[in-house]
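Naming follows writing order (A, B, C, D, E and F), and every chain is counted from residue 1.
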Amino acid sequence: MDLKLIAARTPGFAGADLANVVNEAALLAARKDRDKVVMADFMEAIERVVAGLEKKNRRMNEKEKEIVAYHESGHGLVSSLCAHSEPVHKISIIPRGLAALGYTLQLPLEDRYLMSREELLDKMAGLMGGRAAEEIVVGSISTGASNDFKQATEIARLMVTEYGMSEALGPISYSDRGRSPFLQGPAGMAGITDKTYSERTQRRIDEEVSRLVEEAMQRARDIVSHHREALSRVAARLLQNEVIEGDELRRILAESGALPAEKKGPAAEAEAEHRESA
Amino acid sequence: MDLKLIAARTPGFAGADLANVVNEAALLAARKDRDKVVMADFMEAIERVVAGLEKKNRRMNEKEKEIVAYHESGHGLVSSLCAHSEPVHKISIIPRGLAALGYTLQLPLEDRYLMSREELLDKMAGLMGGRAAEEIVVGSISTGASNDFKQATEIARLMVTEYGMSEALGPISYSDRGRSPFLQGPAGMAGITDKTYSERTQRRIDEEVSRLVEEAMQRARDIVSHHREALSRVAARLLQNEVIEGDELRRILAESGALPAEKKGPAAEAEAEHRESA
Amino acid sequence: MDLKLIAARTPGFAGADLANVVNEAALLAARKDRDKVVMADFMEAIERVVAGLEKKNRRMNEKEKEIVAYHESGHGLVSSLCAHSEPVHKISIIPRGLAALGYTLQLPLEDRYLMSREELLDKMAGLMGGRAAEEIVVGSISTGASNDFKQATEIARLMVTEYGMSEALGPISYSDRGRSPFLQGPAGMAGITDKTYSERTQRRIDEEVSRLVEEAMQRARDIVSHHREALSRVAARLLQNEVIEGDELRRILAESGALPAEKKGPAAEAEAEHRESA
Amino acid sequence: MDLKLIAARTPGFAGADLANVVNEAALLAARKDRDKVVMADFMEAIERVVAGLEKKNRRMNEKEKEIVAYHESGHGLVSSLCAHSEPVHKISIIPRGLAALGYTLQLPLEDRYLMSREELLDKMAGLMGGRAAEEIVVGSISTGASNDFKQATEIARLMVTEYGMSEALGPISYSDRGRSPFLQGPAGMAGITDKTYSERTQRRIDEEVSRLVEEAMQRARDIVSHHREALSRVAARLLQNEVIEGDELRRILAESGALPAEKKGPAAEAEAEHRESA
Amino acid sequence: MDLKLIAARTPGFAGADLANVVNEAALLAARKDRDKVVMADFMEAIERVVAGLEKKNRRMNEKEKEIVAYHESGHGLVSSLCAHSEPVHKISIIPRGLAALGYTLQLPLEDRYLMSREELLDKMAGLMGGRAAEEIVVGSISTGASNDFKQATEIARLMVTEYGMSEALGPISYSDRGRSPFLQGPAGMAGITDKTYSERTQRRIDEEVSRLVEEAMQRARDIVSHHREALSRVAARLLQNEVIEGDELRRILAESGALPAEKKGPAAEAEAEHRESA
Amino acid sequence: MDLKLIAARTPGFAGADLANVVNEAALLAARKDRDKVVMADFMEAIERVVAGLEKKNRRMNEKEKEIVAYHESGHGLVSSLCAHSEPVHKISIIPRGLAALGYTLQLPLEDRYLMSREELLDKMAGLMGGRAAEEIVVGSISTGASNDFKQATEIARLMVTEYGMSEALGPISYSDRGRSPFLQGPAGMAGITDKTYSERTQRRIDEEVSRLVEEAMQRARDIVSHHREALSRVAARLLQNEVIEGDELRRILAESGALPAEKKGPAAEAEAEHRESA
């Protein structure tokens, strides 16, 4: 049992999450009539806890499957080429959890307590990679990116209103969360946030959030435009196999010239090192 | 029993929906003193579950009946001529369910998980077909289109605020649904959405929603204007028979020159193919 | 027992309403020591259910009585001269129900499911007839029209925001009713509507609503101005008899030249026909 | 027992109010060791029910007493000189009820169901009489008029938003009271009014309300300025006797030339007539 | 026992307040092993009820003590020199009650029911005296004036929105308190005020409130500037003795030339007279 | 046992806080198998109560540790060089409490009841020191300053809206806290603040808050820019030892020329004096 590898795959997990992983792994082993839990059970169990159960009976048609493949490949490509992204661990078009048609798994290498401005911007660009791929390669956009937009908008909003990362707004906190304690009833009553800034300030926040999200979109579009060939290869492989592991992704990207052969992208190198040391 | 056809008619049905269908079919057979449920029972049962019970005692006067016939024919015509619409399965002016005076049934051919921009635009145009027919052919507009407008406005709003399908607003999420967990009381208390954008942004959202809905209306008007003759034939047949099946609709449209004889409209072909393969 | 006439007088009545009518008719017959319910009992019972109990001890002074007579006559005159109004069944200045000092009863001839733009505009004009009569004939305006304004404003608001009947706003739904299900607590908690449009849109809605109501007022003023003589005759008769039936109203209007002798107004003809066929 | 006079003094009284009056009158008689209730008991009882109990231990200083005397005299003067006011029944500077330092009692002569525009305007002017007297005769203004302003503002607001009595706004209802039934919880939960008009409309409402109140103030000021002498006489008498009955008030006003000797003011004549006929 | 003096010191006291005073006085006497309550016990008891218990263990440092001394002296000076202020009874820098570091006690000479415009303006100026002293004499401003500002702002707001004391806004009531009864749940539920005026009106209210508060501040600054010497003497004495009685304050102000020797300030004279007559 | 030193370290502690300290100290002694509580136990216990428990298993990576070290050194440097800051007692990069990755402990030398404008401005500058260090020395900004911004923004907001410390807004209170008692339900229901000022006033508040925070940021930037060398030395020592005591900090700053050798910064001197006298 390689406990270090399990630990490396579960940074940020709380006790309950780890208990879930152990339970799932035991169930998987039992279901396969093995009396010992093996490493593969743990790896599958971790993924179940992170992304939810596989939904095999969520059958998409061929067209949808292709869109999802390009969408996820877009996430994978852009994330792999951004210097401060977390390394891509896996891309899949097997539906999972409550709503996902596919997913791109980026496992952090360790618990993180701070995020730099660059890391947040790269995370936003990665989220925009799915739509960028639909726009540029599929040629038609779908509803599939709405959750990506929600996440990216939320990151941009936090950068502007809480992290002081917008020069236009400055190092001011426009967060009202939890400010007025009496606005939240003790017994779970509905609370009301007390917006303590003007419409004009809200307009400037909107402009900054809008600018940050648009710039992330443009970065994603630029990367996808310059690496259409690589993207198509990833998507093709994904349609064939349904799953691509991180190493294979980086190999395809290197073969397509998107990543230099000797370099596997900044984040991936860290993962590689980490694994070697494990 | 042609189970494949039943399955083809019930995509998107959950377990409870299917149980309802089986129950309804059994009741229908029993009422007709048959000891076996036949295919027709299932087809009627599916429609009951989708559109509600027939309301035979909801008696409209002749003028209203005519308006409803043109209104529904408008939906049917525009939907049939839009390339990305779901195929029309049936048009009826028999009142059903809680409020409907007539209905145009568009059954999807399979479960769908993604909607493209084009599909959403065509759906909106189809919804506008009813009012377009009232305006252009009946020459007087009625309250009957209010639910169509509500649906079309909601689609446009989602395109602009969640699906990133408006260039003016960009790939930003202006949805607040479920954003701040503490805004919803745990015991079903009233919650309050926390609008996190400015009046100016709301104005731009309004403009985009307005533009999308107006364009859909114009598309519907253009189609109805160019095919008044076909529309009148559909409406006349509907007044005569109260119900038109999808195939008959497409035949009338082809005979009127609205659809090329050899082509039954893009969506209908798919349905045809599907049925053949069933 | 003329059941057809009873049916003609009670379109739109639900089961409970009809039960009420039967009860009231039985009570009225009992009170008059008749052991059989006659037609008159039913007619009175229907009116009680529609307009509420007579309030004989609500004694107005002579001046108020005159104002009320002109006010109700205004409703009756304008409604009778609008082509798409429902026919006037009765005008009364006997106080009834919770608040009414008088009333103009317009019973629909049949259940209606659709309202055309013209019918809505005529209904608004009829509602404005009361104030128009106060302005032009009484020469002083009173608080008695506030409920008329409330109804007319609500109709105009629905035309603009739900029925797509304003060209300025277009076929867009600005109704928030029931849109966000989670805004209503399951146990009857207070909900909050989530206004999803901008102040500018609200301003345009205001302008359209204002325009529609003002136009209805102007139509009512024009009709009253051109038919002062007829209005005064109706009011005088009303002060004398307290009640005028629809046929008598139309006779007075014809004698005064407001309605051509051979024509009883468009709506009234329909009623007449209906009654003949009954 | 002059029952007609009691009836004349209690228009608008509901059953419970009348029961209160009878109770109070019985108590008053008992307290005075009389075994019969006399007319004076009834008159005092009516006043108690309308204005509340006398508060003899609410001792004002001389300066305050003077201000209150001029304030109430202002109400009395202006109300007496407005053609459509209800007649003044009594002015008093004996504190009563929860908060009043003095009061001007205007008993309606009969139950009223309609109010004309002129009556509302005169009522507003009468309410402004107190402050006008402070401004012009006392030369210093006090907090004592805040309730008058609240009532006058509410009347103006109703004229503009519900009674259609502002030409600028027109016959439109801007009242939201009770419009959306679901905004009020069934179990007395807090509700929220859904303001359905724009900031610009609200601004126009403000302007109209402001104009109406300012005009009422100016009318009150004009009347007080032209009749300072009469006002001072009323106030002096009030300081001397603490109470002035309506007839005495009109006599002083006539002696001061404010009311023509033969005419007691339009409203008072009605009262006089009424009493004579009683 | 000088009951008249006790009465003179307790105007506005309700029954419960007086009972508190008697209790406190008894306790104080008991604590000092006296079997009779003497006048001093009553005086101390009254102060306890008005200002709260002394907080001897709230130890400020020297700098804070100096600031507080100047702050309270500022209140005392400005109040003493405003013609319509209530007379200063005592200044103290012994912390009392929940939050006060010092206090300036202004006991009204009698129950008051009306406040004139001049009295409200002088009260505001007196409240501003503390900050004015900090600004001009201490040379640095502190957080200690926040409660003064809150009170002064509330007075100004009431003058503008309820008392009709702003010419710009006029005699209109912008108070929503208690207007819509249904906005308050019967069982103490949270209510919501329904703001019934426009943003522009709110802006004009803000401007007037701002102007009134600024003018009060300027008056306070002018008085402090012209009487720095007197202020310093009061503060010095306060630092020495911790408490200054009203008479001593007026003596120091007279010696410093702030008050003419023969006159003790308008309000003080009234107090003196009152005491003499007691 | 040096009780004076314990007292000097716990100003502002309430009884419950002191009881906590004694408990913690006893536990610490017991854990170390000592039967007597020594001074070091008390010092550690005080820190636990102020900053929370050490979180040894919150392991940051080297990069994060470096950022935190520079961030906390920035707080320490700026606070030490501002004339009205409380003296820095300790800087640490050992994670503590719920969320802190490091902390800069500024213990007040005594209970404080007033804060001057200068003290508030210096406190804001000290809060900005962390981000300033990230910007200028680390060259990349992180999410770690969000809580600093929240505190600084709140101080600025209070200065502008409650303490009357903005010339632009003046000595007016824009605080709504606790103003309308009925806005808070007695049983912990959600309340709603009633914003009683206009959008324009809110805009001016925003501008002032923004200006104050920006100025504090600029002061912090200036200090960090002029003392990069000193900052780096502090950070280096912190990375080495994880903790720096106040005296050591001031020694390093003096050696680096940031503080004159003979002067230990204004606040530190006070602490030194205090300790000597203890």
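The definition used in the following text is that a contact is a pair of C-beta atoms (placed from the backbone, for glycine too) under 8 Å apart; a residue touches a chain by one contact, two chains touch by 3 or more.
Source: prediction; values computed, not measured.
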item	value
Minimal step count in the chain contact network, subunit A to subunit C	2
Intersection of contact partners for subunit A and subunit F	none
Classification of the subunit A:subunit B interface as same or different, half of numbers criterion	different
Chain centre separation (subunit A, subunit D; CA means) in Å	71
Approximate Å spacing (C-alpha centroids) for the pair subunit D, subunit E	35
Sites on subunit C at which at least two other chains make contact	184, 189-192, 199
Contact graph of the chains (line, ring, star, complete, other)	ring
Touching residues (chain side subunit D, partner subunit E) in the complex	58-61, 64, 67-68, 101, 128, 131, 140-146, 149-150, 152-154, 156-157, 177, 184-185, 188-193, 195, 199, 202-203, 205-206, 209-210, 213-214, 217
Contacting residues of subunit D [partner subunit C, same complex]	110-118, 120, 158, 162-165, 170-175, 179-180, 182-187, 189-192, 194, 196-201
